[in-house]
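Chains here go by letter, A, B, C and D, matching the order in which they are written, and residues are numbered from 1 within each.
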Amino acid sequence: MSKLNLTRRGVLQTGVVAGAGLTLPTYLRAESHAGFTNAPTGDTVTLGFNVPQSGPYADEGADELRAYELAVEHLNGGGDGGLLNTFSSKALQGNGILGKKVEYVTGDTQTKSDAARASARSMIEKDGAVMITGGSSSGVAVAVQALCQEAGVIFMAGLTHSNDTTGKDKKANGFRHFFNSYMSGAALAPILAANYGNDRKAYHLTADYNWGYTTEEAVRTSTEALGWETVATVLTPLTQTDFSSYITPILQSDADVLVLNHYGGNMVNSLTNAVQFGLRDRMVNGKQFEIVVPLYSRLMAKGAGANVKGIFGSTNWHWSLQDEGSKAFVKSFGTKYGFPPSQAAHTCYVQALLYADAVERGGSFNPCAVGEALKDFEFDGMGNGPTLYRGEDHQCFKDVLVVKGKENPTSEFDLLEIVEITPVSQVTYDASIFGGELGACNPGA
Amino acid sequence: MEAIILQVLNGLDKGSAYALIALGLTLIFGTLGVVNFAHGALFMIGAFCAVTLSRIISISHEVVDNTQTDFLGNPLKVDVPYVYDWFGQATGDALIDWAVPLSILFAIPVMVGIGVAMERGLIKHFYKRPHADQILVTFGLAIVLQEIIKYFYGANPIPTPAPDAFRGSFDFGAAFGFDPNVIIYPYWRLVYFGFAAIIIGAVFAFLQFTTFGMVVRAGMADRETVQLLGINIDRRFTLMFGIAAAVAGLAGVMYTPINSPNYHMGMDFLVLSFVVVVVGGMGSLPGAVLAGFLLGILESFASMREVLNILPGLNQIIIYLVAIIILLTRPRGLMGRKGVMED
Amino acid sequence: MFGLEKKDARLLILVAVLVAFAPFILNPFPEGSGLAQFNAGYPDLMQRFVIFGIFAIGFNILFGLTGYLSFGHAAFLGVGSYAAMWMMKLLTMNVIPGIVVSVIVAGVFSLAVGWISLRRSGIYFSILTLAFAQMSYSLAYSVLTPLTGGETGLQPKITDPRILDAALAPGATPKANLFGLEMGSSVELGMGSWLFTFNAGYYVAAIVMLVAFYMSIRIFRSPFGMMLRAVKSNQQRLNYTGLNTKPYTLAAFVISGMYAGLAGGLMVAMDTQVGAERMFWTASGEVVLMTILGGVGTLIGPVLGAGAIKYMENILSKINSDILHTWFAFLPDGLEDFVVTLIYPFIGKGWHLTLGLIFMAVVIFLPGGLVEGGQKIAKLFKRKSPVDDSPDGKTTPAE
Amino acid sequence: MGILEVKNVGKRFGGLQALGDVNLSIAENSVHAIIGPNGAGKSTLLNCLVGKLIPDTGSVMFDGQSVLGRKPYEINQMGISRVFQTPEIFGDLSVMENMMIPCFAKRDGSFKPNVFINMLKDREIVERAEHMLEEMNMSDKRHMHAASMSRGDKRRLEIGMCLSQEPRLLLLDEPTAGMARADTNNTIDLLKQIKEERNITIAIIEHDMHVVFSLAERITVLAQGTPLVEDTPDNIKGHPKVREAYLGETQEAA
């Protein structure tokens, strides 16, 4: 009667129990006796990798998925062990998590919050996933994070750059390794001032949605603090493909820097258009006109081709970093897939490892134990130098890379070069400035 | 003043893309009476013709360069295009550089072929079916086509630059006596506008001045009668479908340097081009072209800062707002024919 | 029964039974088996089946009966969702006020949109509705961010006022409920290696759906429904028969808008989140596809279509190459890889491709949608019974 | 004072004067035919009577009330029913349903959102529709798809639908156009029967002189948008002006 060979949630009602449950007017929480949602009971544990597989971010999602598969391989003791060897915490043994073999399910977020939540719910409800991770936009991250909070599982955010994810929409069950708009602004401004001078007039084109607003705000305040003047900020629709009508007014303004607060397809198109209109060859106020892209992604830079050359931006991580962690990761990933990993792949891989490590250290898959273990956790060897998982907002604090489009790329992956590694102290901020309420961890029981 | 001139230029440029797609859509609708939701996909395939040709031209073999290393620390393998070996580096570079214009020659047969195959293989069976069925089957086809492209080319945009000769901008200011360096416009966008004008003119001339076109126009007006005259109108309509596909495809080819193509660019344009066609009036070719330019220009003006300061968000909705106003004041769009698609 | 004819009553009972036993029917494969991948009997998907069923039923009242093809119905769904969410933020996490208000707000909004759009017919009407929906989407995503949450959407927060609810216990998250019954709560029943989940939210949504379905039958069989079919058939004759078509079409538009709002409200009740992309034109297109796929103008078709599309979206997209390899592990290595390579483009990230192919196949081979497919199969089995004396059989086509 | 009074009605389409100063009076309970060569303005006149077109000048009074500016459904509710040149019926609906719709319109007015009544349980309407089908000799076809009937049957159904509303004025627009001789004769018989059995005024536009002279009590001849003569059938036969109008046309046609 108690043959409990369920790969899915470890809940083992027999017919008898269920019969009782049905006759009672009250309902029985499946997970109640285990103490938290989807507590793994067999010798495996299931993680949910929720990434965009269709839509404009599908390639980024594919790279995230590759990283997750690699992480699972390493966690289960396969491959060369990757970052397990360089990670400062040595809790992980390569024998799965808490001795349980890691299995995973995948889903398609379609970069839509509804689809992402449907996919995550199916992982939680059907496949018994105890942790959800992934994603390539802040809308999705915030939506799925709220879901995980409600369902009582851990959410390890993938690529999400908006301040909101660990700001006004933060949740106790959600954690972000990726950096955010504020950090981009703080890291970029000094470099821009150093390279272009303190007397600049900036013109912002901003994607008309939350991430755009926060990024514009961050870059604007940090550059203005160094003496720049903001000539204008113009909002552009998310669905815009041809930015010409937003770029020609710049020709008439006396701005000498253009900041493109765009990501993904928007960024590729607006940058391409800006270069087309000869902005980079312009001289204004006796200065060379410059373009800045606050958030760079190598995959997207590829889409813009030669247009990225010499353009400053920030990024979470880049494969050309020479610390031990980065080198180990590039080697593992590159050997397995034949090309270097993207920053999305890196953050996802690291998130998977950090989760596993927290479980090991906390001694339980219980989200509250995991949260406790990640809270104010300091680690190193993951490619970004010493890093802190801040307890107040579940945001990682680490160095930020300022990069520039490379003038003479040697391959199709070699598009960015690192200009400066901004130390973490420069990008740290007070957790309270973005509002929001973390709440208490929810184990779901 | 300069701002206005520039926005008119922007509008004309955007409008040429809208007009070209809407023109093809209207050709198909007007001749065959079919609502083709796969038309955006044809535009996209056209763009990928350019990508494909530039890939074909730059097919390479690897040469190991021991002086450099790749990301794993191994000696770097440098791709050397075969055209370098065959024609020398200078000619090879020129060929690669001119891939997009060359793609026109490549795209025409490909697109006509795809169009004809589509009409004979699928659309033909849907002439008598309700418009809803036509929409569903062509929408399904559009998904299939774009997924196939995604399978081979990925989801990211692929940069496809214009030849070096067309980079940079033309300075209207200097040419027409304004301040220099203010009214400048990229050469390639001017090329696109001119190209669109030529294609539109060619389609009109073809329909207006050739016997073939005359028969097709007669068929558009009254298919039965033309058939009664013993003319094989079906074959001509098939060819018209091919031509419409080619128009969409060429619009796509020439668009690639303006924005890097990706697999869902067709869907981005689809809804917009339907709005253009309907605003122009179903079945009216001049209407489609006129509406394309009109909406392009209005969209450009609505994105000016001066306008947005008064009406924030207008740039988000301008096209739809104009569409609503036009359809409410002119029941059949700008130049629509009576009774077309009204049931 | 309930004022229905025998045939319709039978259909309603059949649907009710299917819906009640869906947790069993949708979970035919034992846990842990390779085919468990195809089980759909988990709360989220079951909820989506019935919610999109409601959406499609409502859409069919407009499109199936009057023939007016709206390309903007997702806007009503979205507006309903936002309304319900605000009720949850301001009043109470009890789903009743949210659902009621979502229907009302969507009704008012659709009245306004319908009033304007119904001045035109045919594709001009379609484009007008599309324009309204796209404007709603664009504004909700950008300018209206304070009201809609923009990109990140809205979720209930601990800090929301919720004036009717008692204060949350410290550490508790707000959860949608029906007088204390949490929508997310489930009872599980294990039988051997089968596991069935009975979810409170699903049954709430299912009951709403049955009511919605019942009402749609009544509308179909009412004089009002007949007038709507007459609108589709011949507006001219209807006008010259002394009937004013505009209020009929407008009423149908508003009713279907309210159905969409109801679906939107339920979506929020089941899964407390709303984002603007719910209103994007592809979402409007989806309901058109559901209706056509199932069978336009039929009672049950839209529900089937909604189920089919949601099933593909949620089940096919989750199959990855890893799972494929497990399935075909029994084959020799080379052959296994070959088979996996062959199938892989159609599942997982390629599920859109399968969707497109199925649309085409259905339209080409089953113009009447899945319902027609079912009828064809039924006819195959009935072939042996001698005469088909159904009174609506089409006899003696003339001219 | 006739039931329908048309005074000084004129209608112009761009440069074309379709109707110029038409005066017409149709007496109650009579059968009045309007004839004329192609392009004489017969259809334009008819469309002005039913609200499809609004004349530029003049007035149209039905039973003492102006119909101008009213919508077709309002004019119908006043008691004018129209039969079209090609039968306009609800092709996707069954014959019975076709007949029920005008019955509902007669009883419930131009709009009634009776959403929750089963239409087949509305005894009054069902009986009325069945009765009407019987009168039209179509009871056996009640479950047929209306679109699948012969043209003659469609015409019969359409007339039946109009009659079920008990209109005071029935307008017929070339009711036998495109019909075979047998169908034409059937239709003539039907109309004769209606005329005898019912209290109804019939106005008929017709090309076919056989039909006109079988039915009409008075005839108005229209040419180039103006009435030439109005008289009894006997006087119209051989009227020189009429002959001229028609001969003119035949010459042109030839």
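General observations
The criterion applied here is as follows: a residue touches a chain if its C-beta (ideal position, glycine included) is under 8 Å from a C-beta of that chain, and two chains touch if they have at least 3 such contacts.
None of these values were measured; they are calculated from a predicted model.
The central chain here, found by comparing per-chain C-alpha centres with the mean of all protein C-alpha atoms, is C. Between C-D and A-C, more C-beta contact pairs are found at A-C. A straight line joining the Cα centres of subunit C and subunit D is 46 Å long.
Spacing of subunit A relative to subunit C, judged by their CA centroids, is 33 angstrom. Centres computed as Cα averages put subunit B at a distance of 34 Å from subunit C.
In whole angstrom, the spacing between the mean C-alpha positions of subunit A and subunit D is 73.
Annotation for subunit B: residues 312-313, 316 touch two or more other chains. Shared interface positions of subunit C, i.e. residues touching 2 or more other chains, are given as 138, 141-143, 352. Pairwise, the chains that make contact are A-B, A-C, B-C, C-D.
Contacts from subunit B toward subunit C in the complex involve residues 35, 122, 125, 129, 131-133, 135-137, 139-144, 146-148, 151, 267, 271, 274-275, 278-279, 282, 312-313, 316-317, 320-321, 323-324, 327-328, 331-333, 341-343.
Listing the residues of subunit C that touch subunit A in their complex gives 31-32, 39, 42-45, 48, 138, 141-143, 145, 149-153, 155, 157-159, 170-173, 175, 181, 184-191, 193, 195, 197-198, 200, 267, 271-273, 275, 277-278, 313-314, 317-318, 320, 322, 348-349, 351-352. On subunit A, the positions that touch subunit C within their shared complex are 3, 5-8, 11-15, 17-19, 21-22, 27-30, 53-54, 58, 61-62, 65, 69, 104-108, 112-115, 117-119, 121-122, 125-126, 137-139, 142-143, 146-147, 149-151, 162, 164, 169, 208-211, 213, 235, 237-239, 437, 439-442. In the complex of the two chains, the subunit C residues touching subunit D come out as 3-5, 218-219, 221-227, 229-230, 232-234, 236-245, 247-248, 251, 391-392, 394-399. Residue ranges on subunit C touching subunit B, taken from their complex, read 63, 67, 69, 116, 119-124, 127-128, 130-132, 134-135, 138-139, 141-143, 281-282, 285, 288-289, 292-293, 296, 345, 350, 352-353, 355-360, 362-364, 367.
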